[in-house]
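Shared chain: chain A. Partners: chain B in the first complex, chain C in the second.
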Partner chain A sequence: MATSPALPSPARTGGRFGKYLGIGPFVFFVSTDIPPLAAMIETLYDGFPIADASAAHFADFHVGVNRVPGLRSIVRRQAVFDIDGVRPFFPLATGQALMMLEGGLNWTIAENTSFCLVIHAGVVERDGQAIVLPAPSGGGKSTLTAGLVHRGWRLLSDELALLSLEDGMLSALARPIALKNESIDVIRRAAPNSWMTPPMPHIEGGNVIYLKPPADSVARVNERAAPAFVVAPRYQRDVPGALAEPKSKPDAFKELAEGTYRFSLYGRRGFETLAGLVDRSQCYDVVFSDLDAAIEACDRITRSPRHR
Partner chain B sequence: MAARDHQAEQLLRAVLAAPDKLGKLSERDWDLLLRQARASALVGRLAHVIEQYGLVDVVPATVWRHLAGEQRFAQRLAHDVRQEVERVAEPLRQAGVGVVLLKGAAYVMDDLPPAQGRNFSDIDILVPRADVAVAERFLKIAGWRSKELDRWDERFYRAWMHEVPPLIHRVRESVVDLHHTIVPQTARIRLDARLLLEAARPAALDPTIKVLAPADMVLHAATHLFNEGEFDRGLRDLADLDLLLRHFGQTPGFWSMLLRRADQLDLRQPAWYLLRYTARFLGTPVPAETLRQAMRFAPAMPSVMDRLFAAALTPPHPSCRGMQAHLALMMLYSRAHHLRLPLHLLIPHLLRKSFKRGAGVTQVDQPGVPNLNR
Partner chain C sequence: MPQALAWFSWDSEVVLYDERTGNIHYFDEATSTIFERIAQAPCSFGDLVSFAADQLQVVADSEMAAMVDEILMILRDKQIVAPVA
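After this line comes the complex of A and B, so read on.
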């Protein structure tokens, strides 16, 4: 774990930006030769525990987003994600370098973590109780996560839930939240004071921005949370406000298991850990067209007396 | 960049050869060791070695959680392989075809040391040539299907290689490679697979399934490693061989049998590479007498091959693979093709491969949320 004191100056060596970032349970060494990306990392990851690139440090992962060299770069400037010489993605335009980095960090965590379960889900916490929000991308998970976070919930993650195999607690990442298309304006209205990147074209069409995580969530990134609720959100234009329906535990388990990376490799231990989470949690489906109504639904769910 | 740091380059190999070195590693060394092990698919193996030597206490907790996790994954995979082998064996039993397992699946079913901490992909089986057709038919009835191939690839497998195109289970997606010999039919080495089948023995965990005799098993893995053109898993395969030699080497008569079989099976050069490089890079205790006798198997230019393999049998990680290594890998790649295919077949084959690559057939993910369906 990065325990070195935060250094005030950006760590640049030979025109390259490189920094050790303590992101929840992981230490990443992140480097880039693209100055605008370096600036965005400095802003978005401001407040994360850091260390100088020159320090002899252990990092769980060394990742980089760098310009693609060669003749083609004269015609088209491209950036590519790299982890120890492996490049899991096609290059993108340098203007999309941040998306490359964020997608690369997700990929790295999902593909290389074996000591806890990695679930495709958002996680927020209040008063020691965490909501796990499993959902496919584009279903309103990030929007609801961002909305809750700006109503006093602490951000653990908008994309990846990390569930301990030892004690079933959730670890935080508190990384920037990716918002697409209409949700950009929705969140800009809901959280007018938060900092977001300028929009960049998303690979699946439309635009994406990255929302800076709240300082409090970042400061508490090493604080874990106990799961208490599973809320599967789904954006649906034609529902009035938001509808919360109790969800059966087997359904919740199935949805979470399908969203767990390499679930079968964890064997019985993985199964029992996830079953433990579902067992301890009240589970709901929340279908919504209006963010405020969805946030209120979550408030009602989490404030009502517990029924087991 | 400055000259490659020799010590850093050798780190993983040095640790595998002498695990006691782990006690002296700095935080920076651990960082590099984990990266090299990841690139080499040896994280789970490293965990196993560390446990064997009772060195868990010297591993920083931040590193050990990765090692232990991958080791648990490997155990789970080995468990899955055992199950899947039984599912493959059943239809073949019905077909009256004897099953001889090769490589990873054989290590698991014979409960051999290289099964520990290893990842597994395909299940490789060797059947008598006359039984290939019936074996393929019964496997297809049981749910395995061949990938759709164009006529060229189909011919590549059936007429030139030593296996039928990979069979993939339609539900579980397990891959079975059905071989009728262990070297391509077009290869310079001529090998009588009947000798291997005759010497095959019951597997420790299921005596109805067979595995190759110890010397044959080692020679097969060595032939695979040293005559292949790709070395992304080169160090992993060398580490497997090291464990096999340490294990079988304790049986009286093994080393002389190994040399005798290398003669009989016409696998002399792979045997030389095997003994030389396991001893040199991983400190395998090969008896001096065996090394001396194996000198008669040496290739024409041993010092050239030494340099090439010294570069190829490293972790495929940027800390180990500079310009020189890439050159060595290219030369070994063309050597492998030269060993496998005569020139009049090789040239059209390579031309075609390069055209297909140019058409952008390779599939890579898009960044974003990682794909779950893989």
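After this line comes the complex of A and C, so read on.
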């Protein structure tokens, strides 16, 4: 197992940055001609392994975020994401290049993966038991994921759960965690020693930062985990602390199915795989206004005697 | 029961996948009770009304029979159950 900085090529060539990144079950070749983005990739993805250094010229996906050329770039500096030479999105300002890359990586995985279900959910693991945290954007999923990770849980993902169609195990990605608006200060207080990018304007308004994943989670990125809990988090300002309530399995299934990309394509196998996850898991809703209280609620859920 | 159906039963509710259509159906408790009884083995309408009333702890009266009839009609429309001779 080699780490990506040890790879001899392609490195910086002609002012252009390129790097093979082994991100869980995928190998990406990521390139950019935007130096600040290259520096952020170097820092955020420091230590990510690549499956085999001798296979350094193979990647599942070649992605890039590069400046938009032409006269318009003189008045408005823009960058655009591409995958294997195709540009699926409109350009954004170069200051949003990292957001474009991270969103592009999510899109690439969600749209091009067929060996597992890709669910819009966070995943953390401790003592061999994983919590799947499904929630719509803005629901507090990434905040709670980041909070748990900085209390000893291993990060598998803050955004995409990869559920094997073969054996129902969860693969890790351990990529940077995106935090928006109020959650930025919440995590800054909860994890003051963590490395974060500077805030950048989010495409939906407000700001977003990216939190560097813990080194231990990155080192264990190829270690899979068995799902044991489904916890649907929801941030709600007027709730005192955190309220944890059992969630019915049909409701949990429905929420996960609605959050599974291209679910209908997987047919009966997809249904049985996702239903199998729900069948084996204890399911809860956690509504919270306070991160510490939500983390304690998760600890109580996962440490209660019936789960041992 | 058609081979194309796969289902899980949780908390007295059935979540069913129909391979022929790709549709997922979420049954309430009454529908789940009737579906699971039929899935075990075919039975008469009268037996079904008695079984459902017992499970749902209500009286097996004409109102209950009408509800069972309505649920059967919905399940038949979706080709999830079919009458047997």
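Basically, the second predicted complex is superposed on the first by the 289 of 308 C-alpha atoms of A that agree within 3 Å, B and C clash if a C-alpha of one lies under 4 Å from a C-alpha of the other, contacts with A are read in each partner's own complex, and residues count from 1 in each chain.
Here is the rule we use: a contact is a pair of C-beta atoms (placed from the backbone, for glycine too) under 8 Å apart; a residue touches a chain by one contact, two chains touch by 3 or more.
The model shown is predicted, which means the values in this text are computed figures rather than measured ones.
Once the two complexes are laid over each other on the shared chain, residue contacts for A:89 go to chain B alone; chain C is not touched. Applying the stated contact rule after C-alpha superposition, one finds that A:120 touches chain B and leaves chain C untouched. Look at A:229: by the touch rule set out above, it reaches neither chain B nor chain C. In the superposed model, A:267 makes contact with both chain B and chain C. Once the two complexes are overlaid on the shared chain, A:203 sits against chain B while remaining clear of chain C. Within the superposed three-chain model, A:17 lies out of touch with both chain B and chain C [touch as defined at top].
Of the two partner chains, chain C is the only one touched by A:248; chain B is not. When both complexes are overlaid on chain A, the residue A:60 reaches chain B alone and has no touch with chain C. Contacts of A:28 after superposition on the shared chain: neither chain B nor chain C is touched. Once the two structures are overlaid, the count of chain A residues touched is higher for B than for its counterpart among chain B and chain C. In the three-chain superposition model, chain A touches both chain B and chain C at residues 264, 267. Residues 26-28, 30-31, 35, 38-39, 60, 62-63, 65-66, 68-70, 72-73, 76-77, 79-80, 316-318, 321, 364-370, 372 of chain B are the ones touching chain A in the complex. Only residues 248-250, 253-254, 257, 264, 267-268, 271-272, 275, 278-279 of chain A touch chain C when the two sit together in their complex.
For chain A in complex with chain B, the touching residues are 1, 27, 56-60, 62, 81, 84-90, 92, 99-100, 102-104, 106-107, 110-115, 120, 137, 159, 203-204, 258-259, 261-262, 264-267, 269.
Residue ranges of chain C in contact with chain A, taken from their complex: 6, 8, 10-11, 13, 15, 17, 19, 22, 24, 26.
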